[in-house]
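Across the two complexes that follow, subunit A remains constant while its partner is subunit B and subsequently subunit C.
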Partner chain A sequence: MDPLTWTGSLGTVLNPILFILVPLFAVAVLARIVLSMFEPDIGSKANADGTLVATGGIWTLSQRLVGWLGLAVLALVLAYLIFGAVMGTAAGIIGGMSQAFTPVWIALLVTFVVSIRFKRKLGLYGKLFDSTIGMIGFGIVMFWVFTAIFTGVFDLIATHDPLSQASGMKNKVPGTPLRGAEEGEFQWYLLGGDNLARDVFSRMVYGSTVVIVIAPFATLFAFMVGITLGLPAGYYGGRLDLGLSFLANLVLAFPVILLFYLLVTPEIVATGLPQFMAVVLFVFPMIFFGVLIHARYRTQPGKDYLYLAIVLVPLFLSYMSAINETGSKIDFWPIDLFDINSGILVVFVSVVFVNSPTVFRIVRGLALDIKTRDYVAAAQTRGERPWYIMLWEILPNARGPLIVDFCLRIGYTTILLGTLGFFGLGLPPESPDWGSTINEGRKLLSIYLHPALPPALALLSLVLGLNLLADGLREESLRD
Partner chain B sequence: MGMFILRRVGVMALTALCLTFIVFVMTNLYPNLEKLAKSEGNFRMHEVEVATWLASNGYRSAVDPELIRQFRAEEITRDEAAAMVNTGFDPRLFRNYGEWLGIVPGWQLERDGEIRGRCILPGMEAADAPRFCGILQGYWGWSTFAKTTVGDVVGERGWQTLKLMFWVMLLMVPSALIIGVLAGMREGSGLDRTLSTFSIATTATPEYVSGVIFIAVFASSAVGLKWFKGSATQAMENPNFENFLLPVLTIALYGMGYIARMTRASMAEVMTAQYIRTARLKGVSFSNIVMKHALRNALIAPFTVIMLQFPWLLNGVVIVETLFNYKGIGWTLVQAAGNNDIELLLGVSVVSVVVVLVTQLISDIGYVYLNPRISVT
Partner chain C sequence: MKDDYTGPILEIDQLSISFFTRLREIPAVMDFSVTVQPGEAVGLVGESGCGKSTVALGVMQDLGKNGRIVGGTIKFKGRDLNAMSQEELRDIRGSQIAMIYQEPMASLNPAMKIGKQLMEVPMIHAGASEKEAYDRALQVVTDVKLPDPRRILNSYPHQLSGGQQQRIVIAMALMAEPSLLILDEPTTALDVTVEAAVVELVKELGQKYGTSMLFISHNLGLVLETCDRICVMYSGEAVETGSIEDVFDKMQHPYTQALFRSIPLPGADKNARPLVAIPGNFPLPHERPPGCNFGPRCDYFEAGRCDGMERIPMARIEGDDRHFSRCLKFGEIDWHAPPANVQTKEKSEPGRVVLKMDNLKKYYEVAANALFGGSGATKVVKANETLSFEARESETLAIVGESGCGKSTFAKVLMGLETATDGQILLDNRNIESTPIEARDTQTIADVQMVFQNPFDTLNPSMSVGRQIMRALEIFEHGNSDAERREEMLRLLDLVKLPRAFADRMPRQLSGGQKQRVGIARAFAGGARIVVADEPVSALDVSVQAAVTDLLMEIQREQKTTLLFISHDLSIVRYLSDRVMVMYLGHVVELGDTDQVFSPPYHPYTEALLSAVPIADTRVEKQHIVLEGDIPSAMNPPPGCPFQTRCRWKSKVPGGLCDKDVPPVRMLAQGHQIKCHLADEELAQMQPVIKIAAE
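Take a look at the complex of A and B:
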């Protein structure tokens, strides 16, 4: 087997175009930036005959140029990916990767086609497809979500096992053929081998599963905590607000890294402290849903108890299974459905703990603002209970900023997870998550680039996607 | 105003007290102490011996003499003895915290005719030792990792970090403000779009990603441009452009985007204000509007944001100092935590907590001072 080049036979056709297009595009963008500093501040001017024309001239020209060249570059990238997916490794490393991601491309295509087709019926989600930035962000995020699903559930995309080592592949450059590869096995290390001769590409792909599972869930838990405490703090005010705000500020004044170093060490884990924190933090979803349902159906006991049972029983069972672990400090519950790896639990708990005070402050601020509105006064006059007003009047009206912050916060949580991995805290050292792989790769960074760069770029793209998505959502929710 | 500042300082002191207590409890948990005892004594110590060592060094209460007698006389098995040692909560903790703060007299114990105590440093007579020795008296403890007093380590490393932070601020604040003002003065223009994309991209790039990319592009000996050095160890003695730009840029970039976005939002809001419209209708030129009318009001919000960035900057400092091997306070934090150096970890925590709280205080007071619309009375 020959080593793969980056673009293979596809490169002979497309590379020359790329080398012409990209500098042109860069020059056009640069020119646009420089020109826009001197752009006249009125976008249109009036003619003598009473008609209006756009400013035109060199500014519109540069704008059009950037637009068309950008489209051309995009088309070229798509050509690389589409032809690559068809040709596979004949189109080099890019082709090989594109082919490996085929299920993801199909899923993305289906999602976009269906969503754009029915976007008028899909509420805020549908409006997202009116904004280019939002669509780009959504596309990047869904790319990683689908990657994580197909890798974690169906075991599709990765070409090799993320943990197995192959002889002679230590620190090999991207596209190196696997020595002594068996029939049916993938013949190359697409992005090379790392310091322990594992496939960098497969590790990057598997790393997405860790992030995509932990980050949204941890953010969700932080939101439950923040909402359950922030709403009463903002609504009631007074001593409760003072006390809770002081606690939140206390956590916020902690430098995050210090907190991680204090919480996520084997010694602290041995004392069971993270588990006790889990006991406290994981209660909040139950409180939230319990109060949410009870506040609404208080006057209809039949429905109330039914819904409460439907929601709370599974929640309680998973709560007990989550905190209960054989051989640790909390080990008394007989029906232990699943075990959470203690490393993951610690990481999860500390990330929730760090995020919830910020959410608390946001929710508190929103509640303070919204409680002065007329519809809240109307509900109070109707004789609604405080918790009904908080959860069914204030919360739905605060959803816009909260959804935007949720997206941003997932990105921030991803960064935090990477930080933990970067310092080798919590997750096991052979774990393929992006932070740990960056940490391993950086040690030989001045000689071998390929082990550290793919996870770094993957993390960057996911967080960037989430930020763009949040921006698009903000724009669209402000438009209402 | 005076009452307001006084109250803020009071809350800050209370917060500092709570935070240091939390850090103190978490660093003095039994497993940490056990590790310390084993590394200072010997690694094969039995639980009872560990507990006696800890008691005689003032970390925990004395062990039950009955337990020691039974253990020595081998009336109980080693496992039984180990199970009887108190590894949980110890009320001695509060006294230790007081001693560490310097509001409770340091412990003194006599063993084999020799008096030892917290305040009696090596090579010091017991009679000469002061009664109180805590951070209030300027004694921060002894670092087992650096083999010197914590005060020295924190002072020296802190100075290195201060240098780093100075250059970071010098690079980050002006460029963030310029980007924000340029983007915000004409909302929706081409310039705004490009600059906003740039600031979103920088906020999405954590230090460990941008640092790795910078090293790969500019410093790698394999394929990179080799313009800069991938290690900043030399920058501690003689910082120059070649070895100091990358770490400074890495920290500055992550914070820059956030400040720029805040500045942009604040600038865009000011530009829609009534008095700006009046100025335009009067025929004031655009550059004059921006420089003389809008800028001053637009910079109030970014000021508080810059101050509140300090906790995140500390994060970045730890990452960058580890990545570029620059031995400052962040690097010390990692080393102290890795080597179970309790007193040093406490010292670093105090510094970082105080930095965060003081910047929050400045931001609060500054906001009230700069913004005439807010009155504290």
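Take a look at the complex of A and C:
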């Protein structure tokens, strides 16, 4: 087996084009930036069909040039990916990767086609497809979500096992053929091997599952905590607000990294502190949903109890299963449905703990604003209870900023998870999560770049995608 | 900056402005022409969304990214503004054309002292030195009649009251002695008495500086008081232009006529001149009908003729001074015929007393020091001072007063959101003054309900209309199942004359008037017997106001509701109320039957209020009373009579009584009480404020 080049046979055609296009594009962008400093007011005129056209000499020309060249570069990148997916390793490493991601491409394509087709019926989600930035962000985020699903659930994308080592593959460069590969096994380490001779590509792909599972869930829990405490703080104000805000400030002022180190210290774990924190933090979703339903159906007891039972019983069972663990401080509940890895529990608890005060502050501010509205006064004058007003009159109207913040916060959480992994906190040492892999790759960074870069780029792209998605959502939600 | 140009200051000729969205072109202004001569004030009147502000922005060439002038010319002193470069425009804006916006606080930089902001104008436009600029600023601030100009120049915007801020904005606009002043609803955010003073000032300054004015307003009365000429706009088009006298007295367009018929005039009797609402809704800019835009709502509409052509041209009316109408049939319509199909309805007689207030007091304690509250001295704000009145079944009691007079506090106490400090509220002879809303039983809550002022705020934007009404029904324990409640909800929609299909709509899909109707339906969900209506129509367009007012009165007739109508608009109060209560700084200064309150003897404050209301009727002669200064803060009320700081009758009271004692409540006639020190002889000499000139 020959080692793979980056672009294989595809490169002989496309690479020369790439080498011409990219510098051209760079020059055009530079020229555009320089020219824009001397730009006069560009007149624009209306066409009969209702569109606007800007007119104005060299400035418009440079603008158009940047646009067209940018499109061309984009088309070229697409060509690499599409032909790669078809040709596989014949198109080099890029082709191999693109082919491995085939299920993700198909899923993305379906998502986009369906969403754009029905975008007028899909509310805020549909409006996202009116914004280019939002679409790009959504695309990147969904790429990683699908990758995580196909890897974690269907075991599709990864080419090798993320933990198994292959002899002679230690620190090998990308595209190295697997020595003594068996029949049916993938023949190459697409992105090379790390210093324990594991496949970097597969580890990167598996790393996504860790992030995609923990980050949104932890953020969701942080939101539950923040909303359940922030609403009364903003609505009632006074001493309650003072007390809760002080607590929030206290948590925010505590050095985060130190907190994490403390939480994973074996002595602290032995005292059961992370578990007790989980007991407190995990109870908030139950409070939230319980109050939510009761406030709404207070006047109809029959429905009230039915819905409460439907929602609260499963929640309570999962809550008890989550906090109960054999051999730990909390070990009395008989129906333990599942166990959470104690390392993951620590990560989860600490991420929720440091994120919820910020959410608390946002919700409190929104509640302070919205409680002055007339519809809140109308609810008060018809004798609604405070929690109904908070959860059904105030919260739905604060959803815009909260959804945007939710996206941004998943991004922060992703970085936080990366940081935790990097310091080796919480997750097991051989775990393929991106933070740990970056840390391992870092040790030989001056000699071998390839083990550290892919997880770093993966982390970067996911967070970038989330930020772009948040931008798109904000833009579209403001437009209404 | 004076030059020798003598032609018209502003000539707008067949102007068309469009906004471009991703979906379509939206024409905001079409075929609009107006000319402003030197020293002339032209009023631009129309309902919201008719394009009047767009015209102003067009003149300023500030239409934003997606707005475009797609046809016509705007000439300022003979020069075409459309053809000017950005630099030339920058020179003109602020120095030759100045604009005054609705919200004064938004026009001032909160981080910059007033003096500095004013001085910028001559320093930028005329290259004046700092000394010259300061002198000029001082002079202009004196001109706009602000007390203690030096202190004002040295203060920040938030240290001034709303009225003072608007005066500063006017001063800033006048700094460069512009030839044209554009005022975009300059007094909408102000109280009536303050508004009257500002309008007076604008008029005076216009004469003093010889400035031409383009006055944009939705209030016909204001335009009558300030302008020489008027241009009525409807749905992006000017429908009638002409001199004030021509348009007000000899209107030649059905829309103008409908507009006048839908506003109450305090001089007219409600039985002789009932309000006539304009049927239908304002067309959306991209759904305008062919031909005449007003056609679908017009009484004189003739199919095939009024919608037969693409656009109706403006036609000159012979014999009048530059009087134009955009109507094909103006020659054929009998403009003096009384409105058709108007039925006068019997007013039901007030029944037994349902609500009684007795010496109600509400004080708030405010910590003098916010950070270490409790340790320092506390201040007492007397929001309501000895409020006593009775309200009967199917009676309308109007509560009149400006911001800070305590009417909202009173409403809160009545609703149970606050508890009274002293005195009692009797609802059906039960004391409710110290029962907070949580402790009230469902029936009491359902009996006393409220309709709110701002239609855009009164409905929860993320809940469908039907859901919100059904929620009220649930809370009031109405009906046993969702199906029953849904039926009841649909019945309520019928009651407020909304189509049943609206049940599934979201509030953002409704117009302001429709939202207000939903708010009314929600208030009546529990069969309310007492409804507090807090300025329910003041935020609506005039043509919608009439319809909503009529609706309220009709429901009242049917359900024998007691209506507590809070308002500052005396025209509408006179139109619909049986009794009137005038409040000032927490005190009831006058209370009596509508006729008693609206005719002398008045309380001096009532007199000023009446004089301040702009009336859109050229036949009305008003006594001119302008109150000096602003309403004192409730935190720091004046000693003695609350109104003494602004009262013009104060000198008539001997012994400085006004400074010392709060006046006692005096009965003047059966059911007519006022709180004033003035002697009976003085009161007897008062002249009526509003007189209708003999024809």
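Convention: the second predicted complex is superposed on the first by the 465 of 480 C-alpha atoms of A that agree within 3 Å, B and C clash if a C-alpha of one lies under 4 Å from a C-alpha of the other, contacts with A are read in each partner's own complex, and residues count from 1 in each chain.
In this section, contacts are C-beta pairs under 8 Å (C-beta built on N, C-alpha and C of every residue); 3 or more make two chains touch, one makes a residue touch a chain.
Model, not experiment: these values are computed from the prediction.
Asks: Quick one: is A:Leu14 in contact with subunit B, with subunit C, with both, or with neither? Answer first, second, both or neither.
Replies: neither
Asks: Should A:Gln63 be classified as contacting the first partner (subunit B), the second (subunit C), both, or neither?
Replies: first
Asks: Let me test your reading of the model: by the given contact rule, A:Met169 touches which partner, first (subunit B), second (subunit C), both or neither?
Replies: It touches nothing on subunit B or subunit C.
Asks: Looking at the overlay, does A:Gly411 come into contact with subunit B only (first), subunit C only (second), both, or neither?
Replies: first
Asks: Examine A:Asn467 and indicate which partner it touches, taking first as subunit B and second as subunit C; both and neither are also allowed.
Replies: first
Asks: State whether A:Gly441 touches subunit B only (first), subunit C only (second), both chains, or neither.
Replies: first
Asks: Which holds for A:Ala85: it touches subunit B only (first), subunit C only (second), both, or neither?
Replies: neither
Asks: Tell me which partner A:Glu384 touches in the superposition: subunit B (first), subunit C (second), both or neither.
Replies: A:Glu384: touches subunit C, not subunit B.
Asks: Can you pull the subunit A residues that subunit B and subunit C both touch?
Replies: Of subunit A, residues 41 contact subunit B in one complex and subunit C in the other.
Asks: Would you mind writing out the residues of subunit A in touch with subunit B in their complex?
Replies: 29, 32-33, 35-37, 39, 41, 59, 62-63, 246, 249-250, 252-258, 261-263, 265-268, 270-271, 273, 411, 415, 418-419, 422-423, 435, 438-439, 441-442, 445-449, 452-453, 456-457, 459-460, 463-464, 466-468, 471
Asks: In their complex, what parts of subunit C are in touch with subunit A?
Replies: 18, 20, 22, 24-25, 66, 68, 70, 85-86, 415-417, 437-438, 440, 442, 445-446, 448-450, 452-454, 457-463, 472, 474-477, 508, 519, 522, 525-526
Asks: Taking the complex as given, what residues does subunit B use to touch subunit A?
Replies: So the residues of subunit B touching subunit A come out as 11, 15, 18-19, 22-23, 26-27, 29-32, 35, 182, 186, 189-191, 194, 200-201, 203-206, 208-209, 212-213, 215-216, 219-224, 230, 286, 311, 314-315, 318-319, 322-323, 330, 333-334, 337, 340, 345, 348-349, 352-353, 356-357, 360.
Asks: Quick check: in the complex, which residue numbers of subunit A touch subunit C?
Replies: 41, 44-46, 50-52, 130, 299-300, 373-375, 377-385, 392-393, 396-397, 399, 480
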